[in-house]
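Structure in structure tokens, see below.
We just call them A, B and C in the order they show up, numbering each chain from 1.
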């Protein structure tokens, strides 16, 4: 099945737009949360998102082995929302994983997926160059991953102020 | 009348584009400056903007009670440029106002406005997550406000390098 | 000949897209690198870019006198990729040059150029306002330069996730 990438800034409405794509598909809804609830602020956001989605979703939490989880639940008739890629990148960096290997594995999985996939991610590269090296590395990893997913995706959207701008598809 | 949202980055030409919409409308021109001249840098920017606009505008300064000011000058045949929403958000945060109440009041005002309204705002959510909590809260407030205004607006533009990209309308 | 501006974030694929325009043109390929290799990180990026381009390019390094270099190599049948404007701005600021004079000289050169020109630049104005004055000045300079080049350019692209969005042309 096809993959979709939904890119946007903080509080751009990207998750809500991605959820509307999932609901409109009529397929069996799965959700992979990549975020780890490190602190109260993060925990509150995750709980709010889950409450907003309602009970008609099967929710999975997978901070690191995204490809493994996608393979495990892959099935025709399903649509899987992955929210979000930037949190996955953060988790991989904290565990000092091989980013190139992880990104390649995900890109290689896409063409063979039976489920329809909708990836949400933060565009983080449009501000001033960050002072610290880790933030620069994070920007670079995120940008590379976005290019890699966008190249394989059937549809790519850029979201601002809750409005979608179709960049591919 | 209809509302327009003009979103863009720093020095993107968003104010100039919004002013061109106002001039093209042929309506009676009003300008609400939400910025407070805290320091020389800010004061210079405000003075420069006012000089660039010229004398054919009625200028109002309103850092906090934006909805009250809009209601007070609301009239058919007028067009009101509000520059900008992000400075209004900053001022509300400094005064510890109830952001949700303020944003709701503004969104509720839009459909009933007799004047045409043109809002200018900074897109600030496309860089790295800021280190400090206040900046993260500011991003969140701005993003939520943009979604709320965009949902009610007839036209939404995203400006880069002085060029408009129409996202709605 | 015409000028093209390719704007995008960090790791957005903007250089690769600009290179594809150059290759597709069929013209004699020149490349002006404005970056200075201050440290190993920067040096590695420059070397990687040069290796990616391959041997069919004539490469020039010009951190400051961009207009002089463009004039020196200007010729029909050539296409010149300038990568990137934001590094040029950084270099000019470090040397405390007159930014307005430099930007005006570049904008004035464009309509008379015999070669086709492709400018790459980073959009840096879509994050939170930076804490320090120099970063704010840099954002302002970059934004003004982008507006100035975009106004004279025949084509302007905004790149995200490797995908071009045509904003002009």
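Definition applied: a residue touches a chain if its C-beta (ideal position, glycine included) is under 8 Å from a C-beta of that chain, and two chains touch if they have at least 3 such contacts.
Please read these numbers as outputs of a predicted model, since none were measured by experiment.
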Exercise. Hey, how would you classify the chain contact layout here, line, ring, star, complete or other?
Worked result: complete
For this session: To the nearest 5 degrees, please report the angle of the rotation taking chain A's Cα atoms onto chain C.
Result: 120
Exercise. For chain B and chain C, what's the span in angstrom between their mean Cα positions?
Worked result: 31
Problem set entry | Contacts with two or more other chains, residues of chain A listed in rising order | 9, 123-128, 139, 165
Problem set entry | Complex interface listing, chain C residues touching chain A | 8-13, 41, 123-128, 130, 135, 138-139, 160-163, 165
Seminar exercise, completed: Counting only contacts in the complex, chain B reaches chain A at residues 5, 7, 9, 123-129, 133, 136, 139-140, 142-144, 146-147, 149-151, 156, 158, 165, 167-168
